[in-house]
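Presented below is the structure to which this report refers.
Chain naming follows the written order as A, B, C, D, E and F, and within any one chain the residues start at number 1.
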């Protein structure tokens, strides 16, 4: 179980290990993007972790990285194709960042750091934990950015509901910069500082 | 009029305030009933005490003998008995033992006419040994033993000998008075120095704010047909620093980490030259020096010849005490001097002045963070970046500071003087140097 | 016996130049006062409210963060000045929450995040302004008609009128002032007198003078509260120069490089070829004077040495030109300055002072 | 059609894979450069604090020295302690003995604004070494803590801070024994003690008792009461100052209670106990508290 | 040699298997992707064609703004054209579909692919935004700058006039194209 | 688009770090001091230039003719990974000094979004071979510029008392945010006005 929970807080890929930052910042303009991206990453992580751990003895050391990358790229392509076919607007919003899941540092990082040494069950748990941790981090960032930067919370359109919750007042004149590039960097910077601060307080209290 | 030369980069113009004392002739200060004579008054190893409590000493008798080459003797400034050996803190941070001598007995020299000694047939080596015996150190502030400075490394040639009469520190006029009143002695001392160093050229540097001194020196040279080039300099602090005065006079730069001799020069303060005269021609050890007592809080500023070991309080009293409460008592000039904690602190060989400064003169204000104004950089005569050095020291990066030139800093105080944020930059420099030297010693 | 009440024990130097951070900051604030008064006169009391609100927001934020980090810094005047400059850099009719956010952003994010006064590397007031300008583009470009132009209908600033007007313009106005005349940009009564005077001086020399320069120079134009009166801003700088609080390096290199670029390339928009740009128009419109004398000169965020300051000024001039003439915003000063702020550490790294007694060879 | 597409995909990607696989293999033979893997292992085994206590520039240079130079000891990393030394031993295949108890730093002075006398008001850089430049600091006692926190600044793990009395205090659980604070402290009042030490003599003054009394209410006056109250506690008087020999494990609470100037204090901050009639009771209460 | 085969072959094998898997996935998704594209296009055309029928697309070469057009037919007679236009906005190119009467008057406009700023330029995606252009192009000129708008309309585009001008420019070019090339 | 246009686009208008968010991991990780930041910048520039050329070839010579667009991701990344690994080995052998300067960064670059990002963007923009190369090169230059400026600012921050929780990574992000704020001056409209 520890393999699952560690990814969510203690080794949160975004806030603690600080990997996979590009998609985190680029697609966090809307909550729905964060969910889509998160699902995509979980899928790829699962797939790659399973296959890497299955094939750990088969893959020769010399072509380890290329092999992992091929495995990862295959799953990414699948996600990409399915998104294009069945969730076209999401696919458009995420742009190249779907394909860029390949180079999302988390995925190769987990393959290298964990899956290649573990059995399938642990690899699955690790993938799920990391994926969920990534998604939660992404959700947090996108929630802050979308609420501040657009005054809305965009979810899925169901029936009559167009999927957008509009916050009165803020949605008419939002802090638009928060939805743009600077906002992303500022939000993650302050969130990381908050993490550092609480972490420091926790460790101080733990010893006191 | 020809433009007077000065050093080109940096420097400041603090209010000079020399008018308080510059026209007052040197007077003998009264003899202290208790002289406190520190054993470490010079750069180098402290002298070793050769008297013990209860001993009777005579005026000018050796009480501390030099320990090693870079060291000089310490002499009793007064006749009397040794009362105690005391550990004292000098304002410049040095902790040293001091011999306390209670005045008693008869003066050997005071009030007696001095005969001049034949010295022409002494060799350079003998003269230098005599300097060390007589306790001659640089009187320009650094108190570096003169016999060491006058022993240039083999193969180096002394192109210039510079008599430093710049006296760029505000308030101070002792050198100015010496140039007016002891001109013959100074040039007699110069003859001794010529014999030792054999310089190709002798330069006499005086800032333009002492026109009477320039005139006096020039006419003396003219009358006696001396081969000395008198160089009036445009007023700017810290022109008296040997690196700056050499730059102003010769255009050459003493290399970083180097000495004047690296560019073929030796610099001596006028007071040192006078002391050399007294030591060689009168056989008088260094037991008194000229200094200025001044400052807005002093009732009657004065230029005094005071015995080494005279407590500060006595000199202030002699000048009529305070006209108003001073905020700081300073030993030395206001730019490089040190604040005095204890009024029993004695005059030493390096004390060029005692100042009692009022709040209006100090102009202190609250310290804030550095606002990157760059003033400190533009005034640093050594082309350092004091702001950066300070920040590095403040962040404990002593190695980085040394790499950025910390060890070049002369602590001239220009940076601290102009800093609008009132950051104690010079303290930072001193701290950094001290820790660096400590670390280096350890390594 | 000599007695002392209290001695101060400090390191050398024992005396100090009569200057302090607080004195500098309050002096700059004081020099901005004439322009502030003009803003209130020209745009009404609303302008005063805007300035007071931005100052209050800045000072309160400074105070709050000072409490957190146990430093009491509001008397050093830098927060006041930042707040004042935020107020100077917004339109008079701005909804009040916008300057408040700009001030809070300036002090909290740009200044205190990096450690407070002196630690920030970007100009707080300008970063605050740009932050809100990008967030609330509409309100930040809605202008108030100044008092002396009561009969005007359009409230565009001269720069934005020229910029958006030129987009579809196909005549040959010859220059921005002619263009403004052509589209009927209003002038004050006072400007008539100035124009008459200028004409009487320059027309005998063969120059033609368009009306409107008087309004530009003295500030009868719409714009941000503090930026409109180039004249009063310049008056204030006299004291700053006299006290040596600012030096000529940044303003001169900024204005000269910008003016030069305008002169060389600025005319091509009007089909009059190179070396015919209207430098005077561009110098006195927008926030250039405010920026060049009061904001690019912020010591904290500009380089340390003279050489560095010159490079910085030229960079500001270049980017101001680039943004004004090619960018999508009519004004470029604030962006140009914060862009150059990014380069300051780099500039400082390579324009350090020359060390005494250190030769290139010896340095290795 | 579909079949052809898949065939082409199969062929082209397979071929690319083969080319790169073989290419990389061949290249790796051509361009092979030997590296000692153990350096990386050693780096990983070290705590990575880069504190410099080992005497090398940082963890990485220590690791390199361990692997490349023969005679570098494996027990130099103080923060890592015994665990790390063991790990290094197993990587390098060497026996390591590491027995010393962990040491931590502590300030041996409790003289503050209320208890100690000052010569003047210090103005200047907030740094103890800077204060030393001015008459050895503002305190009359030349041995005490100057309280300007150089050690706080230098500590890599923030183990030092001002306590509720405004005096400098080391949190022994955070301290990693790097010794940087001891190095930087200008008065030598910061000293290393064993982690398990129960009490310290919180004074560093070697002045005579009478002199100490003049400038500090909580200084050690060298009265030797502690040596009598707790004869097995390892108290020794040297230069009018009590030291503790921690290798003696006897009780020391009697000395703690009897010290006339209360300069013997606990290393673990006492839970503040309500004003009680007898100080001894408070101490006793504290003792029983410690016991459970 | 054995090693080479081991290393190269294994990587090749992994690649090949991956390629086959992807080929299969592609076979499943390709029709869906095509359908999505078709749907998007027809939805867009629906938005501007009104009650008329759109014919096949004809591509236009050598025009900077007009990329292609569809002839509109209503009740058997020609009812104008739909033009595919490229305008330049604040954040790059914008795809615009606009329906014109034969005399060049704008009947309907829709903003398609674009990267304008949400809340500013993106507002132009709302049908109401285009009202100021409708009915212009023949009798009335296409509004090209703020001065030609009502105060209310001008306020609405405040802060996004680059988008406004970009669309206007494209529409005007389209109108001219209809008048000069197609209208005859 | 003209070559100048491509350069301005990728250095300023679409700076990979400050507006596109590609390559942030090394940007944050390797910008602590100028020397290594510049090393990283050059390494990235080199790889983006070569990679965009190589992927252009794959796209035009294999994927497009065979209708295998769906294999883009897998082939591109394969090429990049192999390229970087090869490059690392070659440099290590041929020029140990260059390897010392760049070597430690090279493995990091495989998983740098910037490299794959520029390859994909170049293909999407339909660039020809030279344009792809120029785009790759300028994307690298943009990265170099951003990381150089960032490192000088971070070096300055080393001598400031930044509040503890903000030190290190957070302050780097916030600095990046403010840089991005200023870089918003460079928008598409500016580019268009500048080069027509």
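Here is the rule we go by: a contact is a pair of C-beta atoms (placed from the backbone, for glycine too) under 8 Å apart; a residue touches a chain by one contact, two chains touch by 3 or more.
Since the model is a prediction, treat every value here as computed from it, not as a measurement.
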Touching chain C and chain D alike: which chains?
A, B, E, F
Relative to chain F, chain with the most remote C-alpha centre
B
Count the C-beta pairs in contact for D-E and for B-C, then report the pair with the higher count.
B-C
Chain A to chain B: how many Å between their CA centres?
70
So the centre of each chain is just the mean of its C-alpha atoms; given that, what is the distance between chain A and chain C in Å?
42
What is the distance in Å between the mean C-alpha positions of chain A and chain F?
21
Once you find the CA centre of chain C and the CA centre of chain F, what distance in Å lies between them?
35
Which chain D residues touch at least two other chains?
5, 9, 12-13, 16-17, 20-21, 24-25, 28, 120, 123-124, 133-135
Out of chain C, which residues touch more than one other chain, so two or more?
7-11, 109, 115, 118-119, 131, 134, 137, 328
For chain A, write out the residues touching at least two other chains, lowest number first.
62-63, 66, 70, 73-74, 77, 81, 174, 176-177, 180, 182, 186, 200
Taking the top-of-page definition of touch, could you list the pairs of chains it picks out?
A-C, A-D, A-E, A-F, B-C, B-D, B-F, C-D, C-E, C-F, D-E, D-F, E-F
Spell out the residues on chain F that touch chain D in their complex, using ranges where they run on.
62, 66-68, 71, 74-75, 78-79, 82, 85-86, 89-90, 92-93
Quick check on the complex: what are the chain A residues that touch chain F?
18-23, 25-26, 65-66, 69-70, 72-74, 76-77, 80-81, 96, 99-100, 102-105, 108-109, 177, 180-186, 188-190, 192-194, 196-197, 200
Please name which positions on chain A make contact with chain D in the complex.
62-63, 66, 70, 200, 207-208
Where on chain D does chain E make contact in their complex?
2, 5-6, 9-10, 12-22, 24-26
Where on chain F does chain B make contact in their complex?
158-160
